[in-house]
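This is the structure I want to talk about, given as structure tokens.
Letters A, B, C and D mark the chains in the order given here, with residues in each chain numbered from 1 onward.
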Amino acid sequence: MIRIFITGGTFDKTYDEIRGRLTFDDTHLPEMLRLGRSRVKVTIRTLLMVDSLDMTAAERELIVRSCAECEEPRIVITHGTDTMVETARDVAAGVTGKTIVLTGAMIPYAFGSSDGLFNLGSALSFAQVLPNGVYIAMNGQHFAWDKVRKNKETGVFESV
Amino acid sequence: MIRIFITGGTFDKTYDEIRGRLTFDDTHLPEMLRLGRSRVKVTIRTLLMVDSLDMTAAERELIVRSCAECEEPRIVITHGTDTMVETARDVAAGVTGKTIVLTGAMIPYAFGSSDGLFNLGSALSFAQVLPNGVYIAMNGQHFAWDKVRKNKETGVFESV
Amino acid sequence: MIRIFITGGTFDKTYDEIRGRLTFDDTHLPEMLRLGRSRVKVTIRTLLMVDSLDMTAAERELIVRSCAECEEPRIVITHGTDTMVETARDVAAGVTGKTIVLTGAMIPYAFGSSDGLFNLGSALSFAQVLPNGVYIAMNGQHFAWDKVRKNKETGVFESV
Amino acid sequence: MIRIFITGGTFDKTYDEIRGRLTFDDTHLPEMLRLGRSRVKVTIRTLLMVDSLDMTAAERELIVRSCAECEEPRIVITHGTDTMVETARDVAAGVTGKTIVLTGAMIPYAFGSSDGLFNLGSALSFAQVLPNGVYIAMNGQHFAWDKVRKNKETGVFESV
């Protein structure tokens, strides 16, 4: 059983057709898992629904606490890419004895041509087999939380 | 570096709009990797482009030989789901010392609403971290080659 | 108020993921109209759900009779492209005093990348403004029923 | 031959994956026409690439002048929905003897699930058969320029 915590990010951005701008509504995760015909046993809980650039210290603390307190030893967190590395660092500082994988998307799932479905399949798979630790799964790769940065120019996660 | 061998299957079925029926053309793998923003280093080679129900013993032997002879120790094979387990068994009998992951799709990628992108992210991830052996990655899960069957009624891969 | 008669054709082909082949299930028309945010008042009725190559004389007669007997003076018929011209001829022989537009698709709507949504918008628009007569609306164009043929090589409808 | 003038609007909004926000890049019109298998003879020219809420008087004047000066008597204009009615009024005041149809979308085409393809098929069809005048084609319907308003609450164009 894998716990999935939703925090928002590009993954879940949607288009508000009345106001003509990006917004957050409900998470697309259940629909994505259905589309992927996923048979992985998961429990989904939405913690936040925010752009990660707007994430506050209190919200980040909520993520850490939720990871520490849930029963499942394997966790996937969907998260905006801009501050994913910061949250991973906080989670690593506050949680031990679990396999925690943060993932996200560069293109909203609602746009149809998203990397989100690919990343979700990847993150769920890494979460099942990696040893205890905090990781980022993006672009088909995985990185230990303290060995990665997002290249702001290219949008790609790379080793440091 | 991961070697990807293409053999066809639902993954790569496309619609022939002149004749109004399903057919095979070129593989969609490079486009899918681009869509997934994959940064995994891969070498892609198309071995076959067939419905796995039509796969001959000689074709299956080609897959086994290609896995044994290629330099890469980590391999992903895209394959029709109907006889994926049979091919996995042959590969397990003929190749040792490598991590080999077979994957496929229930819905053609060209249909837009495919499980293929999810499975591809999953298979590439499992191929990077699982120990030597032959596996099937479907529905977000992985199975050892001799511990799985496809349920023909539901289309789901399940443990045996 | 426009009457829409469904007869199947590529428009409504879907993918049977258990058997791995094309099939017909329910029509996608209501979903397509919702996606197109259509506000045209329509009444939809499914007459048939067949590949037009398999359409019998009795089925074609059902289409003609349905057009003649319905109250609405403006009708759109979704139809497979292969024998669309034959059905249009029969309808023209059997129905007068109405504007009837046949349309179809080269790619199933369920494939995502379909010409069906474009053709549906086109056919509904022609049906609202063309004078009485029987027409085929394909590729953004309209043709009188006796001035058109489908080019079997290119899949394109052209004037004769 | 139909002239198509591009001015931007939701039709052509795209997602900037580095900055995480909506933006304009090149028009999607040629791709949409290809997807729709359109065989209508068109000449496409991009006049503007703006959100119609930001359209200036000078830009609107450019649209009017372009309609008046081009050779084609039948014109389609893609336009943001928020001020489409205002532009239609200016075009009606400045151009005579042509059939001019403005159209747009509530959802960006790049999002996959767009009404744009439906509206484009509709607008091109109305442009071929309506008498001289300035019209708005949205939601499968057409309206004379002075008989329509956009309902800001519902996003739907309705008769006045």
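As a working rule, contacts are C-beta pairs under 8 Å (C-beta built on N, C-alpha and C of every residue); 3 or more make two chains touch, one makes a residue touch a chain.
Worth saying up front: this structure is predicted, and the values here are computed from it rather than measured.
Trainee: From subunit A, how many touching-chain steps at minimum until you land on subunit D?
Mentor: 1
Trainee: Please indicate which chain is farthest from subunit C, where distance is taken between mean Cα coordinates of the chains.
Mentor: Checked the centroid distances; the maximum from subunit C is A.
Trainee: Rounded to a whole Å, what is the gap between the Cα centroids of subunit A and subunit B?
Mentor: About 26 Å separates the centre of subunit A from that of subunit B.
Trainee: Please tell me the distance, in whole Å, between the geometric centres of subunit B and subunit C computed from their C-alpha atoms.
Mentor: Subunit B and subunit C have C-alpha centres separated by 38 Å.
Trainee: Please work out the Cα centroid separation of subunit A and subunit C, and write it as a whole number of Å.
Mentor: Spacing between the chain centres: roughly 44 Å.
Trainee: Return the residues of subunit A touching two or more other chains; collapse runs of consecutive numbers into ranges.
Mentor: Subunit A, residues with two or more chain partners: 106, 112-113, 155.
Trainee: Give every touching pair of chains, nothing left out.
Mentor: A-B, A-D, B-C, C-D
Trainee: Under the stated contact criterion, what part of subunit D meets subunit A in this complex?
Mentor: 10, 15, 17-18, 20-22, 51, 53, 80, 82, 106-108, 110-113, 152-155
Trainee: Could you please specify the touching residues of subunit C with respect to subunit D in the complex?
Mentor: 32-33, 35-40, 106, 112-115, 117-126, 128-130, 137-142, 155-157
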